[in-house]
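Shared between the two complexes below is subunit A, which has subunit B as its partner in the first and subunit C in the second.
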Partner chain A sequence: MIKRIWKLRSTRKFFSNRLAVMALLIVAGYLAIALGTSVFGLVDLDATFARVGPKNVSGFFRVQEPEKQVEDVEYIFNRVDSALRRRDPKQALAEIQFGPQRLIDASPEEIKAIVERGWSYFDQLAESDDLNQDRAALPVIEQLKQTEQSLFAPLTSGQRWEQRINLVLGTDAQGRSIALRAIYSIEVAIKIGLVVAFFSVLIGSLLGTAAGFYGGWVDHAVTWAFTTFSSIPSLVLLVLLAYMFTGSTFEGTLFPMYIAFSATYWIGPCRVIRGETLKLRELEYVQAATALGYSRPYIVVRHILPNASHLMLINFSLLFIAAIKGEVILTYLGLGIKNGTSWGIMIEQSRPEVINGFFWQIGTATVLMFGLVLAFNILSDALQDAFDPKHV
Partner chain B sequence: MTDSEPILKIEHLTTRFHTDRGVVQAVDDVSLELFAGETLGIVGESGCGKTVTSKSVMRLLPTHLSSFGAESRIEYRGMNLLGLSENQMRDIRGNQIAMIFQEPMTALNPVFTVGWQLDEALKYHTSLNRRERFDRSLEMLRMVDMPNPTRRLKEYPHQLSGGMRQRVMIAIALCCEPDILIADEPTTALDVTIQAQILRLMNDLKKRIGTAIVLITHDLGVVAQICDRVAVMYAGRVVEMATVHDLFHRPQHPYTRALLDSIPINDATHHGQRLPAIEGIVPSLFELPQGCRFHDRCKFCEDECRQTEPDLETTGSQQSVRCHFPLSELRS
Partner chain C sequence: MWAYVFRKLIYNVPVYLTIVLLVMAALRVHDPVYSYLGKNAKPEDIVKYRELVGLDQPFLVQYTRFLTTFDLGTESWDQRGRTVGEILRTSVGPSLAITVPALLLTTLISICVGIISSYYRGRLVDRTLVVMAVLGMSVSFLVYIILGQYFGAYVLNRSLGRELFAIEGYEPGLANWTHYCLLPVLISVIVGMGYDTRYYRAVMVEESQRDYIVTALAKGASKRKVMFVHMLKNAMIPIVTRVAISLPFLIMGSILLESFFGIPGMGRTLIAAVRVKDFPVVQAFTAIFALVYIFTIILTDVLYALFDPRVRLS
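Moving on, here comes the complex of A and B:
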């Protein structure tokens, strides 16, 4: 079977299109990641909420500005300080652990000494006017950082790798790994895209062909349904449906979004496929099928639907993308996913960061979304070019 | 031939269409008989009711837009086809009465292979298993003289030429060995050499399988080649009915005569002369003229023609004509 498909002219045509192959690889990569996170637990939801470092660390291990470095160290010393002041220092110190980094196994007195040393460096730094400009401040900052590092036990090589991966795209305002969050969001996006596109196209093409082929009251009913639905701005309907689920067990999960998007997105494929069916119904091969004595449901399924399959494919790829974008918009408005992780949540939470000039979170979410959308578009286009029997 | 029972008997068929501008009688009181193993031609200009007649037999007209007259009967093996339910009709279509269409380009489903479509018809109407269906498909393609049939089974319609597609259509229509084959302008879209091949093929198959053929065409050349009897239609009515020999040698209706005159003849005496054509156009079905429907285009029109419409009268052993002044009388 695979050998036969491989030998097809269309397959060869598809693989000779370099852009298409690239798009295929990209989409396959996304799918593999989604499969990895959902089935093999590559990244779980808890991991996307864990602190892995100080807040708003830049990605690609870029050297932070001196001011930011000092700020990060200060943050850690403050946490240690306040932990030590409480009654149970061991328990309190556990709170400041970042991912694989653990406080050294030392007595509170020893830790206190390290922190004291750190504060004295801060006093030195306070004398320089501008940390970013003052060259004399740089060695002090270096010492400060080393002092801070001595608070933590050295990392094993496995932990070092883990930390590197977590920090590759920096951290958000709560010190969570942007890379892990973005990767986990791929699974969410692809789930929404596939489920919504599948059900919308299924509902749309069944209703569309039925309306177009049978005509009469079936057509009236379907036409009434989609004109009514499309006269309501779809976002309003989505908001309404999202509100309907507040308070239910499904609140904040993906389920209300599946329902909301499928209930509005079926209109597009339905309208297009109804029109195509009206055209196909009058074609001679459909009449010939009737003249050969085939029953009407049989003609719809075996003769009309396959000839409208290109429209189904196009609509599937359009809706796949529309659903992913829709999720982002709805979540941004605060109506979509709550207490989860998705590109929409990442973009929504990066609002204050952008004002402060930190673009790693919004950038990562946007670039990944752009990559998926573009690759999917190119792929579906190339597939249609290669496999549509009417254009060989 | 006349003493045996006809297998298809159309009696007083009236087909009406309900349009926005009112009710139109596209076929008006047509009676035809088809005997086993013969070829009946139906000729006429565009819009004179040929196709509607054939689609009425197959019950392919949209039910909410059309209706039949109360007197109408289409009798096949003692059943009135017009009274059958959709389910009963489905058993007859394809199995006992098959139809092929004018446009071979669009009459095959573009997304399935030829083999799939032949197989589909066999699967639907017979209880053959997969292997037998494959053999039968191959046999059918051989029967319609398809070159390289094993390869063609795996090909899509767009890979075939028009003539080959029409052969496939004929193969699909005949694979269940129907009693009657209705061919609606089967050669109109083909060029003349292919046309001749297809006509010869249909003639051969008719003899081999014994299927009766109703051939609808506007091409008198085609009629002359393969028909046994001919019905000439004009504005929804049969105006003349005769054997092919009588029709070409002794046409009695002025319309038939005019049609025959409009066939181009390639010889010295006709060279450089204007080809005779019938003046005017077929009257609109909404505004049929009073009296004979052909009178305003007729060269031999008299007062009586403008007043009353003539009946279809039998004039010879197998000839009948709807004219007050049949031509042989006029000329004598």
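Moving on, here comes the complex of A and C:
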């Protein structure tokens, strides 16, 4: 079977397209990461919610503006201060954690002394009008940062790498690691893409072949069904279907999205495959099979489906893209995933950051999404060129 | 011709009846009153709301009532004192102010770019345009909007020192149009161009290989004349199809653009209603969106028949 597919001229044509092979490798890379996070627990969901540092830290360890540096240190001191004011300061201090970073193992009084020293530097800095321009403030900021460092226990080299990975692409408005969130989102996107594309193509090709091959009332029913469904603008249908699940236990999970997308996207493959089946039905080899007395289900499985399989493949690839892009839009409209991690959530949450000139979150999500979608776009084009060259 | 139009209209009546049935059924899967009022609703409130929208009556009665009136006279649950009809009337204008210019501009520019691309087929210009189209298609609509708003409104206004494009908001009137609507329209055009250019290029390339083109060239018509007179006319059918296909995307795009730029159009109203679970508005608006869409489909079929009389006979 595999050997036969390999020997097809179209398969050869597809693999001689260097761009297509590259796209295939990129998709394989994404799949590997998704597999890594879902099966081997490379990144778990809780890690994407954990605070790893101050808010909106820039990526690639870029040195920040002095004012932002002071702000970040202030955040940490405030956090420690509020822990000291708790009824059980020892316990509260032990709970402070930024990624692998923890406070030094010292009594609350000692930590309090360090914080007090830090605040005294802040008093000095308060005299400066504009920290970004004031050169005299730089040594004070340096001392301030050293004081901050002395609060934290030294890291082992493994932990240092862990924190480096956490911060490599910066942090979002809640101090969560953008890198971890973006990587975890790959799994979500692949899940949505695979499930939606698979079920849409499955439903579409079953109904399409049935309609095309059996004709009669089956054809009428299927045609009427997809005319009806395609007469609702797809986003309105998506919104309607997602609305159906509000208030149910599934609200905010991936499940309503699977249903909404599959119920919307089966129309495309169904229409195409019905047309192809109508054409195939009249061909000599199908006529011959009928004359030889083979049963109709056998002819469908043996002759019709394999000869329409290239259309399934192309549609799968197209719907994969549609589902990933649709997730972002539904999430923005508040009908998608809630309390989770996905590119849609990242892009949606980056809106206020962009206004403040912070592009790391939107950039990361966009670049990763761009890679996957572009690879699939190239793949669909190459598949179409190789297997269905007449199509416009 | 009129017989054809009539036939199309009749054919779409049962389709629309099913759509309304589907919409109404989907909205009743979860009790709309319960999801609007929440868990701690008073029983008398539930009864009151139920009677307001006629949920206490049998489904068939609700169905016929909805089909005859579209519930336009019902009061919105969220916006007190306004009926669904009033909300609809005020939101149509802003929606059209975005969708119509966006559709026209996108189609015109994309056809031109498509023609240019097919004219230089295989050469550097063509390849660059194709690559740009694929790259442009691979970025999420939302990213275009966020960055478009940031660079087109925030950054531009800051560097100009005055407000050229509004960050959000809407005021009716032609004089205000560039201020409020031009930026969303431009974003929509840029997003749509990637898809449309590729398609029109493919259409033009296929059309340019037909026999009549060879004939025209052999008879001595200039290449430019062949492109714009002979080819464009014959490419009208795929172009009309494309415009019709892009209509739902346009509605979708307008939903996003409207809710992002705070333009009180139909899309934004629908999404806002879904968020607060304003049942009468959601029901009426989805049904109306579908109605508008069906009419555009009929219009496409009629235009087909106009451009290619053979369609009418089949």
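Side notes on the structure shown:
Quick note on the criterion: the second predicted complex is superposed on the first by the 355 of 392 C-alpha atoms of A that agree within 3 Å, B and C clash if a C-alpha of one lies under 4 Å from a C-alpha of the other, contacts with A are read in each partner's own complex, and residues count from 1 in each chain.
The rule we apply is simple: a residue touches a chain if its C-beta (ideal position, glycine included) is under 8 Å from a C-beta of that chain, and two chains touch if they have at least 3 such contacts.
A quick note: this is a predicted structure, and the numbers were derived from the prediction, not measured.
For the composite obtained by overlaying on subunit A, subunit B and subunit C can both be accommodated side by side without a clash. Using the contact criterion defined above for the overlaid structures, shared-chain residue A:G41 touches neither subunit B nor subunit C, since it reaches no partner. In the superposition on chain A, A:G158 makes contact with neither subunit B nor subunit C. Residue contacts after overlaying the shared chain place A:G215 against subunit B, while subunit C stays out of touching range. For subunit A, the partner touching the most residues, choosing from subunit B and subunit C, is C.
Of the two partner chains placed by superposition, A:P352 touches none, neither subunit B nor subunit C. Judged by the touch definition given at the top, the superposed model places A:M369 against subunit C, while subunit B stays out of reach.
Once the two complexes are overlaid on the shared chain, A:S248 sits against subunit C while remaining clear of subunit B.
Superposed on chain A, the gap between subunit B and subunit C at their nearest CA atoms measures out to 11 angstrom in whole units.
Comparing the two complexes, residues 392 of subunit A contact subunit B in one case and subunit C in the other.
The part of subunit B that touches subunit A in the complex is made up of residues 58, 60, 64, 90-95, 98-103, 106-112, 120-121, 124-125, 156, 158, 169, 172-173.
Taken in their complex, subunit A has these residues touching subunit B: 215-216, 283-285, 287-295, 298, 302-303, 306-307, 309, 389-390, 392.
Note for the complex: subunit C touches subunit A at residues 12, 14-16, 18-19, 22-23, 26-27, 29-30, 34-35, 134-135, 137-143, 146-147, 150, 154, 199, 202-203, 206, 238, 247-248, 251-252, 255-256, 259, 270-271, 274-275, 277, 282, 286, 289-290, 293-294, 297. Across the interface of their complex, subunit C is touched by residues 224, 227-228, 231-236, 239-241, 243-248, 325, 328-329, 332-335, 343-344, 347-348, 350-351, 354-355, 362, 366, 369-370, 373-374, 377-378, 381, 392 of subunit A.
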